[in-house]
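Heads up, the next two complexes both have subunit A, just with different partners, subunit B and then subunit C.
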Partner chain A sequence: MAAQRYEVRFSGTGGQGVVLAGMILAEAAGLFGGRHVVQTVSYGPQVRGGNSNAEVVISEEEIDHPKPIALDLLVPFTQQGCDEGAKLLKPKGIVLLDPEMVTQMPEGWIAPLPLKRIALEATGKGQMANIVSLGAIAVLCPHVTIEAMRMAVRERAPRGLEEIFLKALDAGYSVADSMREKITFREAPSPED
Partner chain B sequence: MAAQRYEVRFSGTGGQGVVLAGMILAEAAGLFGGRHVVQTVSYGPQVRGGNSNAEVVISEEEIDHPKPIALDLLVPFTQQGCDEGAKLLKPKGIVLLDPEMVTQMPEGWIAPLPLKRIALEATGKGQMANIVSLGAIAVLCPHVTIEAMRMAVRERAPRGLEEIFLKALDAGYSVADSMREKITFREAPSPED
Partner chain C sequence: MGGEEERRPKLIQGNEACAEGAIAAGCRFYAGYPITPSSEIAEVLSYRLPAVGGTFIQMEDEIASLGAVIGASLAGVKAMTATSGPGFSLMQEHIGFACMAEVPCVIVNVMRGGPSTGLPTSPSQGDVQQARWGTHGDHPIIALTPWSVRECFELTVRAFNLSEKYRTPVILLMDEVVGHMRENVVLPDPSSLEIFDRVKPSVPPEWYIPYEDTSFGVPPMAPFGEGYRYHVTGLTHDVRGFPTLREDEIEPFMARLFRKIWSHLDDIQTWDTFQMEDADICIVAYGSVARAAKRAVLEAREKGKKVGLVRLITIWPFCRRAIEEALKGCKVFLVPEMNMGQISREVKRVVRGRGEVLTVSKALGRLLTPNEILEPILEESR
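Up next, the complex of A and B:
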């Protein structure tokens, strides 16, 4: 039963679209996927260095504990977000990251994806890395289909920008199959490194 | 210490802007007010009749329990949202409602405000009742100033609509002083009613 619970954290600073990404994932899985979903965003003095987290817990059953216990998927848009989130990963949890945005990778399963570059190529806007990541999540997360994600993106994109948001989403999704093979376990660096 | 914890629930159906209202309140209190804030949105099969809740817990201290325990403020945009939320109110909790949107009022402290009509008069758009409610909350909630709320609204309004969002916010705020006196305790209706 526990395997049905799936926990995601997006982590980044203001303007990177962390909250929007969490909301779209939550609506894709909840409103359009029929799953139980709780989305949580924390703000305040505890958010050091302007880093903020949007967390989404998805389950086929009712969710009694709304906050993540151990992450299945971490999507950091900053080094700090990666360092902090890595401590909460499940043993087989995956870190979906852009090696240009997060240069020091943690130990564990890493899915490296040039989110920013994909966003730039697909839409001309590098800041749509958050939406690109949602396309990749549609491959990685068993609770969300790309169809549900598209519905949620269409719903939440600012009016007039629906098509460009969908382009970013689809670009992330289309590279995700090749990405599957790129998910590799990274050992802790040896002290000499 | 417990008095410092302040719990708000927005409740409504799709398109009423429940999630956006929760997000703006959370950012006003957290990003711009320096409080600890956790915002939670739940989706899924448990959301009966398409009603969804956005909940915001605000505190001067770290928040250990992210979900509301007893509401200080309920803001329902539907009858169902009012009926369900009223069960979770604190003894002195307040229900901020539009008597045209919620016709059967619960027992307790009621702040009646024609949110839709105020929105329509201020902006020409009745669906901005959610933003009007935020102006009133700046009066009701001790953790949020109107200045912080304005900053959060400006941040989250769709591009090009910032000024109209601020108009709705300010309209809600400006009627809120007179509203203070309108907050009245409503007894449970007698069985003959």
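Up next, the complex of A and C:
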């Protein structure tokens, strides 16, 4: 069988840090975790708004097809990103989402985490939700450790903002660790609901 | 350069690797007009080139961009430009000029969906035949297609080497997936690279005949400003570079223009094969699609189908011999492309009824999936 691939998609809209999150995850797994990684993007031609995806494929072996085939992990920051990404999930794929940002959850394995609220409490900036999600991913993804994630965040964070970025990352990590057992399977809503 | 720090793997984009490859190849002049999905090449070179004593100019459009590149090259500087489909269309006239006047230069086209402004942020392979025939008149051309971040670096270096060696424009045909993709790579040590610089005249200026034939087919090239005065024109010219209507001058000129490329195909053409040893079905692919195809080969093998891959690295001149080789074992060819079938017609031309040629031709603004490539194979063998 071809090498096991671990596939992640961050999905949101322009300005939410979707591509930055993808790059940090790829660096954590690739440069500090020793894995092969390919990170790709897809977005529309608009300057603002529109759907924006960053995708990361992680493997212990060389990666052929650079795009996800079936997602292990979907991290949507918008409802549209969730709806579109859910169609690409593996049967046991997980959706890491903030119930305040994605109100209609899809069927499948859901890891609900108040990313925005955690970001706000830890750093005073709600827009650090993308970095908070990386802390949670350090728990969920077998290819990255929180140490690798810390190194990648430190290198990618804008000069002078390293500590704030690390705070957001650690906040996500500490909450997600205790959340692990709360990942639940959500049935498709029945017509009677 | 070349220190321990440099050899650490880095997560970089195909476009960035292309820019670094240009620097390593000795490129010291860039003129261009930014366009998605190639803009990062200009962005990186805008600070990398001045740092190594080179020149970066943002021009008013793509016509002027290639004009400036040709001028720089005539002055003896390795030069390049980068663009995407719409800009590549504007460059066609000057590509012909560079072929005719035999001016080395590298043109990068990071292909996006077309025609016209099309799908600016989405991948395509729609400019493959344009790279071959976009400029008018009979002319040979060299075009290369990378499939990974590391290969973006390597083939940019190779594009410069070939353009210098054969005094011809070389086109690097990337696509949005390869250009925007990030991979963790260790780029080759620049000091380990083989770099080819154009041959300069060894005779004094008064003896210099700028377009004189040589056994190799490529006349030495004098940089302007060093005392060698000669005439450069887009008109068909004699060995001194002046316009001619004489058949006995036109004929040898055109013959040499083709001979300098066709007699060195061994040096120019490269392709890669994967699991072709016992294959009876051959996938022919290039660029990012070849990565989906490689996976399709592995999946087909799991289902007991003997499938192999021929990956074209040099896409022009078309690698006829790669197909001839494959014909020894394969009766079925499959050509997946992010266009409506531009290389499949070349494969059909070579196969000439000696096998069946199937296509997966989709110009949807996204990379083909391994499953889409696998489908006709499974159908073919029921």
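Just so we're on the same page, the second predicted complex is superposed on the first by the 185 of 193 C-alpha atoms of A that agree within 3 Å, B and C clash if a C-alpha of one lies under 4 Å from a C-alpha of the other, contacts with A are read in each partner's own complex, and residues count from 1 in each chain.
We adopt the following convention: a residue touches a chain if its C-beta (ideal position, glycine included) is under 8 Å from a C-beta of that chain, and two chains touch if they have at least 3 such contacts.
Every value quoted in this text rests on a predicted model; they were computed, and no experiment measured them.
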item	value
Subunit B versus subunit C as contact partner of A:42, first or second or both or neither	both
Touching partner for A:23 - first (subunit B), second (subunit C), both, neither	both
Subunit B versus subunit C as contact partner of A:130, first or second or both or neither	neither
Which superposed partner A:159 touches (first subunit B, second subunit C, both, neither)	first
Subunit B versus subunit C as contact partner of A:31, first or second or both or neither	both
Contacts of A:51 with subunit B and subunit C, given as first, second, both or neither	neither
Touched partner set for A:69, first subunit B, second subunit C, both or neither	second
On subunit A, the residue positions that both subunit B and subunit C contact, one per complex	23, 26-27, 30-31, 36-45, 63, 66-67
Residues of subunit A that touch subunit C when the two form their complex	1-2, 23, 26-27, 30-31, 36-45, 63-67, 69
Complex interface listing, subunit B residues touching subunit A	14, 19, 23, 26-27, 29-31, 34-47, 62-63, 66-67, 158-159
Residues on subunit C engaged by subunit A in the complex (per definition of touch)	8-11, 36, 119-122, 177, 180-184, 288, 291-292, 294-295, 298-299, 302, 366-367, 369-370
